[in-house]
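One chain, subunit A, links the two complexes that follow: it is found with subunit B in the first and with subunit C in the second.
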Partner chain A sequence: MAEAEESPGEQETSPSKPLFAGLSDISISQDIPIEGEITIPVSARAHERNSSTLNESVRHTIMRDLKAVGKKFMHVLYPRKSNALLRDWDLWGPLILCVTLALMLQKNSMDGEKDGGPQFAEVFVVVWFGAVTITLNSKLLGGNISFFQSLCVLGYCILPLTVAMLICRLLLLAGQGPVNFMIRLFVVLVMFSWSVIASTAFLADSQPPNRKALAVYPVFLFYFVISWMILTFTP
Partner chain B sequence: MADPHQFFDDTSSAPSRCYGGQPSPGGLGYPTHSSPEAAFLADPMSNMAMAYGSSLAAQGKELVDKNIDRFIPVSKLKYYFAVDTMYVGKKLGLLVFPYLHQDWEVQYQQDTPVAPRFDINAPDLYIPAMAFITYILVAGLALGTQDRFSPDLLGLQASSALAWLTLEVVAILLSLYLVTVNTDLTTIDLLAFLGYKYVGMIGGVLTGLLFGKIGYYLVLAWCSVSIFVFMIRTLRLKILAQAAAEGVPVRGARNQLRMYLTMAVAAAQPLLMYWLTFHLVR
Partner chain C sequence: MAAADDLAFHEFQEATNLLAETPDAATTSQSDKLTSREHVAVVVGEGVGYGAEEEEEEGDKTSLLQEEKPQPRFWTFDYYQSFFDVDTSQVLDRIKGSLLPHPGHNFVRHRLRNRPDLYGPFWICATLAFVLAVTGNLTLVLAQRRDPSIHYSPQFHKVTVAGITIYCYAWLVPLALWGFLRWRQGTRERMGLYTFLETVCVYGYSLFVFIPTVVLWLIPVQWLQWLFGALALALSAAGLVFTLWPVVREDTRLVAAALLSAVVLLHALLALGCKLYFFQPLPLQDHVVPAPQATPLSPKDLLSTPARPLTT
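Moving on, here comes the complex of A and B:
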């Protein structure tokens, strides 16, 4: 409630209000002109900001969202103990990453159906249902992280694996062979451990210490599946 | 709640006057002297829209929670996930080596069973759920290393395993009903016990991938015997409750029937373990 600095002589209309309980006992025999300052709480300014974002240009809105997404990418690449990913969660980043990954992983439908590679929809479903399952598991284990925050963290931590996918695709342009496979295996392993460490840094904090390993195990499985899909990709 | 807003309302602009009594959130009702806020407040539609939106969101959340609670009892499920790392480790050890464990009774605390975290004999759903998911992934891995993989095969594995599980649960519940056993074995408990065999299956398939068919058969045989013993010892306390509690040997037609039922359930586990994994190991 805002502080109203008014003269203490103002008589309250309804004496039952707890806010001005003591004022009803005061009475003054003369009229006193009331003047003062009324300060506005911070939330009113927030509403003002919200209304003004309706009027800004589309490019400005998109740039603002892209900057937020980029900032979170930086947080994933250099995992520190910060709350930015959890506090202002958004699902744009995971969507961009998931679509990029699925686009790169889908097989060419021109060379027949039984190729063994995943379709776009399969990768999409695996990523999102995997993330939902991990979140449910984390919540049932008693973690204090919300549903969308957990989805946000898991989605953003796919970034290292998307980078691995890009590198693998570039490496595959140089032809396939055992040496090539070894390099790809190494790259995918490094990025996989980076993903697991990054998401553990955010998710494990929400669980009590005797349950951290239990919450991390499905995350490990999830990124293992994605890494497996990346590693076995052949163009 | 309306009165303080009435008191602080900006009565200088006429349109906002009639909406002074609105149960608006936070600081919307406070008068100011600078123009942008007054212009915002003078727009009563956004005021009302925000209040309506937040109440709608609260209602929607309530509705979703109520409906989810009707189908999946979330609070009961939370009991089965009240585990910790030590419990999981000890339980996994018990599943592969149940021979030395002496006391299989679940501890109670004023009529409710103790959470799995505090008693190793209590059933939990974390291990079965994780074991199921790991089994699907290991099946995919096995098929992949034999060049037989395709994503729809994974879905096929998952749904066939789920179908067998459902069939088992329904068959056991039916037979418990027919044998007129009054036991405190709930459906979720049964689901938990039947899900423990996936641990053995995963072990078998992984060993089969590493060491070929011999390794697979050895590990599967060991895990089959362990899960048989585990199920007998656990179900004995649930189904044959009275006889087991007194410690007398099982006699009489009714008790014999229950004994046969327990043995049938326990014997079905190794059979299913073999059935669901033999095609993965070549």
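Moving on, here comes the complex of A and C:
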């Protein structure tokens, strides 16, 4: 421990002296060894996480990420005003949903006709570039949401439309007809409004109040295009 | 937003003329920042060219609260953020202004008020491209319902074609127009010139009237489709002409007439191209036309078949 001789009291009693004049009297004596303990406070949880993610089983790692994705799916299906989707964003869910949607929209193009449905790459481009454009738009309008949070929300809110795609494919197994088309139209409309409402619930709060409609309209257009791709799918 | 309208700076005719003479002045209304009085700051600067740097000097400053910020460079995010500085009510107001043109109603001076935005042109073009592709597909669906022999396919490639066409038109034609007007301005000093962004804005908002027209083209009555198309073209071209007239009338009559007719012609070509490509006349007639032709052919066949053994 260092010894310091300070004389703060002297500063008040003798104002003619310059400030901190007593500091020149500080001396460290040579014969007292300086020793001690320095401990960096590490929280117990961080310490445990640092060692556990390296040693845990692969199954445990995958299950943890899958559970996070599943929890966010639940948040989308029952949209409440919560921050869970925004706080811990991840892009696994949007990737899984986009790949599933693109695979299901694939047509058996054995005849190789030119004007068919969207190819896998086209669906990918529409979804990801659409999401990036909407995010840029909302940021340029002055929203205070981060880039990846917005991508995360838009990607997760494709879930109702993926469910609609599944239902449409199952319905198309029963043959096509006007009744079939009306049922598919109804299902896609319901899921489309669900997607728009879910994403608006998360995104609308981040915009200034006189620009909410400007930020929500591109989201509407985005899900409208995806719904049209689903509705016009013919096997 | 009635309160904002009350506090907004309403331009009088002298101010509009002043703006026309000094095209680089920008009026900013501080209505959403102040509540008690309205302050107007007129800022005079150099041309706001696309990608050009701008140095602003405070001119006739009447507002004490407007702070001076260094103008952001074109590679920063804030530069582009200044083009999206619009409210919902302003965008709707501009759309209404494009739908109802009348002479003397200069879109740039009265609606844009020297504050062009990129939100309107970009999203109107996107909407128009998707609506074209979707309704073009829907006409095929409806045609197939009437005549099951027509082969239906989703035709997703039409989205790409529509997007490229609309965006190229809405960005390259204003670029050409702006370049041409700037070149002409080199010979005359008096013309009040629009900036590139204002030209893009005028074209973008003028395309809005085509969106409901394209939806109305779903009605399969041919003469009604042409009527709607002509109406939309008239409204849209009128908006463009009334906006460009004050700039062009100071030029020679020949150049002015040529420029305006070129603008209208390009617009008409776009409308016609969209109508013909996305809403093709349905192949319904192909099934009807060969039938009457088959009967006149058969007497000819009877005549020609005995002739062939004679020649061989």
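Basically, the second predicted complex is superposed on the first by the 185 of 235 C-alpha atoms of A that agree within 3 Å, B and C clash if a C-alpha of one lies under 4 Å from a C-alpha of the other, contacts with A are read in each partner's own complex, and residues count from 1 in each chain.
Here, a contact is a pair of C-beta atoms (placed from the backbone, for glycine too) under 8 Å apart; a residue touches a chain by one contact, two chains touch by 3 or more.
Since the structure is predicted, the reported quantities are computational estimates derived from the model, not experimental observations.
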A:79 contacts which: subunit B (first), subunit C (second), both, neither?
neither
Which chain, subunit B or subunit C, ends up touching more residues of subunit A in the combined arrangement?
B
So, does A:40 touch the first partner subunit B, the second partner subunit C, both, or neither?
first
Looking at the overlay, does A:19 come into contact with subunit B only (first), subunit C only (second), both, or neither?
first
Check the residue A:234 against both partner chains and state whether it touches subunit B (first), subunit C (second), both, or neither.
second
Where on subunit A do the contacts from subunit B and from subunit C line up?
114, 116, 118-119, 122, 137, 140-142, 210-214, 217-218, 221, 224-225, 228, 232
Could you pull out which subunit A residues touch subunit B in their complex?
1-2, 4, 13-14, 17, 19, 38, 40-44, 47-48, 51-52, 114, 116, 118-119, 122, 133, 137, 140-142, 208, 210-214, 217-218, 221, 224-225, 228, 232
Touching residues (chain side subunit C, partner subunit A) in the complex
1, 32, 77, 80-81, 83-89, 91, 119, 123, 126-127, 130, 134, 137, 141, 145, 152-159
In the complex with subunit C, residue positions of subunit A that touch it
113-119, 122, 137, 139-142, 178, 210-214, 217-218, 221, 224-225, 228-229, 232-234
Subunit B residues touching subunit A in their complex are 3-4, 7-8, 25-28, 30-32, 36-37, 40, 43, 46, 50, 77-78, 81-86, 88, 126, 129-130, 133-134, 137, 140-141, 144, 147, 149-151
